[in-house]
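Heads up, the next two complexes both have chain A, just with different partners, chain B and then chain C.
Right, the complex of A and B next:
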């Protein structure tokens, strides 16, 4: 299975990661090797692997849900304690013009 | 093996030592030995002294539990309010969480003493602890070798007597495999038996917190102290009331041996495990051959599911609310991309990319969905095996601790070292790794005892037989706090 550079660039963009052309060149064969490894799920094994068709979905009934109660949340100062907060907000560069 | 926790606790209860005295002994040893071993990445000695003082009050007031006043460590991916928790990643540089993980809350209430946070593979992604941003910990048994991973620092700390016990996390073997490499005990409880609240997520459907200790008795004591239902973790479940009783009763116990677990295992390891099985048989256990053909699918299924979950879980690290933020950027999107590119290590990036790939349209059905179906197959074939036996015996790893630098080689070859441990995570089962002799280089061999869901007590009790009969001996390393 070959993974071309374009696919890697697309995946990187989706993952919010950057790779230089040089890094991609190095990364491509490694990534291909891992995809080959993932392809081992197509190996045949004895025993029943096909009849289990219901996808793992868990349906939760309304009665399983907890009451929607208002509870105390963490104070703003604590939540923002890991950044240089500005007026209780997380500072980022302007996103609207 | 003997219970370090019980022995220390007896000294504290009798008033021979205070918890503060014991804590200072550990601190001194950590200061002396940790610069070389690199087991701890963040030291919390101020917290430890505060915890010890509180524990001494509890003891004097007659409110002590088995863990009161006993110094221990947490893996660096378990949240501690106001204390560094960085997953050994640059991207979480300087992060001090604002809440406590449930396990730490529970232990703190019982008077436990937190010495520090231990080294691990970055975001728990690895089998040698070498992907840590802080550099690898060294195996105390032979410092030219790796500790295993990802909870390598915790295993090294317990092995070197630099903590009475450690809490690690196990997504694909990260408690059991380092325990086996360092010659100590590592217990991964049933998925849901211990709350994951405050465990920084890697693969949420696989992650489980558990103890690394120097005896099965200690593993049971710590397990009892941290288990149980938690409202803050929707996947947690109630566990039986009362303490886990260890009798070591193995007469008529049905021990399953699946040949698939022994394919590609070094003859030395197979021999050590065969010997242990023979000891159990002599004690009256019945050996049953079982077959689990889907085991060979477990490893690729694991990597697909774990990486898919990781790519989603690690999406939150954007540099906005905590941790590292890139310096020069042109927009918010650029800031996020640069932060992640500079903040994540190579292995983490690789797994995020694989996870994104198997979840992307066009590949979702072929990989992620198929892996979920095959996960069910592994689970049901293991359940079928447990219709014929009570527990399974298997190797913990196909090899003993390798030399440092091995994981720099072929990625897939490194992944293969998890072949014996991942099926348990895939199926959500409890499993313990106990020491089972040494290889020709004197490196510890580990054996797994696996049970069906919520048979944690039976798994511990089965392992206890080997401890009681001195068949399972932990590595004896010089230095540290010894009795």
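Right, the complex of A and C next:
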């Protein structure tokens, strides 16, 4: 599969990553290699797929679902302990104009 | 040229479960910021979501109540997008295998608005924008939602209003949501396009996001309809875009266009296995559904012979209906019961919410006792109204206001004496009546009413008086 620089730029934007032009140039062929590697799985399963389907379609039934019973939440200090909370809120740079 | 409006709605409804969709945190509205949160609903690494049984049950209820087919094998999907209201940077939703599909909601005209699908998903956190910062509260994050997607069958703002009201009513009846638009437990995205009359192809559509009031939906649709026609008439083209509606100006403005449309990269949620729901479970849920609003309205009008205007005042409020039906079952006559509810009790229940909650200290048993007295002519309707008003205020039983002696004492003999007195005390009225002035008899009614303190229905004295005058 061919991966062009435009695809890399889109992926970077969606992942909120910034790359230089040189990096993007380098990534395109590397990405191709990665995808080709993953595609080898498709080749392997072209024969016997029954055993794999069993794994893929593992299911849960009604009784496996969670009962609707309230459990205690974490205290605010704990849930916000990794940030400098303000009045209990998580502050981030303003996201709307 | 005339243009047709083509619209479909995506309606988000918060489910009234006790806990969130994937963890045991409470779904209670409000609360101090970030106090209804745990590692699961804040997306901490290493946590795993476990699907809430009640969410699946409620979504199936909603599907069955809107005539959908239920996909008993269903799975969840990841919808990826980066925004601070989602701590995981993806929302767990459903993409290609929604729980419910192919339903409809019927409008009063008989027109059906198709339901394409109903799927389950998690709500996002709440963002507060202030000065240079955005503040995040994840209490709402992970609260279960159903998204009800309609077909583009809506062709006017009035139809949109009726459709949303019907949905709201159905969801409240079946108890899956309180659908409070002002609290955000029901919100709509409105898709809208126009096409010339007679055209066969839909025009380019725009989507107005996050409408939280029915009147704004109507206004925004009206504005967008006119705007799109203006653009086309002046030779322009509609650009596919997501819009926001400004409540103050009454106008729509562009949030983003198709070029920077989101690429959600949906894929099957690997943390939650495919769910298989037994057919018997679906049957069980179907059997537990109450009578639906449209069916109830129909029954009230056709079977109980309640006049349509009154029936419409009643059927919207499930608790009022439950109360009335219990009184009917205890032998209270339909006509007097519903008239007393609409005439007397509703004056104590001013807002929609009051009627919905129906928190009056009158039991159906006491109501039935009172109505039966009126049905049997032992008290007249004015006294019944006055008594009911007091009961609704003071919460005391009928016997507190109308003693058995009062009713028992009003036997036919006593009534005849009072009627005789009425005739004797009003010779002029009697003469007028005999001369053909039918209305003159009201003077005699008044006398009887006063003398019996309203305890006699007017039918009996009427017969006695007429007999006496003859």
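The definition used in the following text is that the second predicted complex is superposed on the first by the 74 of 97 C-alpha atoms of A that agree within 3 Å, B and C clash if a C-alpha of one lies under 4 Å from a C-alpha of the other, contacts with A are read in each partner's own complex, and residues count from 1 in each chain.
The rule is short, and it goes like this: a contact is a pair of C-beta atoms (placed from the backbone, for glycine too) under 8 Å apart; a residue touches a chain by one contact, two chains touch by 3 or more.
Values in this document were obtained by computation on a predicted structure and should not be read as measured data.
Residue contacts after overlaying the shared chain place A:76 against chain C, while chain B stays out of touching range. With both structures placed on the common chain, the touch criterion links A:18 to chain B but leaves chain C unconnected.
By the touch criterion defined above, A:40 lies against chain B but remains apart from chain C after alignment on the C-alpha atoms of chain A. For chain A, the partner with contacts to more residues, out of chain B and chain C, is B. By the touch criterion stated above, A:89 is placed in contact with chain C alone, chain B being left untouched.
Residues 14-16, 66, 74, 79-80, 90, 92-93, 95 of chain A lie at the contact with chain B in one complex and at the contact with chain C in the other. For chain A in complex with chain B, the residues that touch the partner chain are 3, 7-8, 11-12, 14-18, 27, 30-31, 33-43, 45-49, 52-53, 55-56, 66, 74, 78-83, 90, 92-93, 95. For chain B in complex with chain A, the residues that touch the partner chain are 94-96, 98-99, 231, 293-294, 296-297, 299-301, 303-304, 311, 315, 318, 320-323, 329, 331-333, 335-338, 340-341, 344, 349-350, 352-354, 356-358, 360, 367, 369-377, 380-381, 410-412, 415. Contacts from chain A toward chain C in the complex involve residues 10, 14-16, 57-62, 65-76, 79-80, 85-96. Of all residues in chain C, those touching chain A in their complex are 17-19, 23-26, 32-39, 42, 50-56, 73, 80, 82-84, 127-129, 131-138, 263, 265, 273-278, 281.
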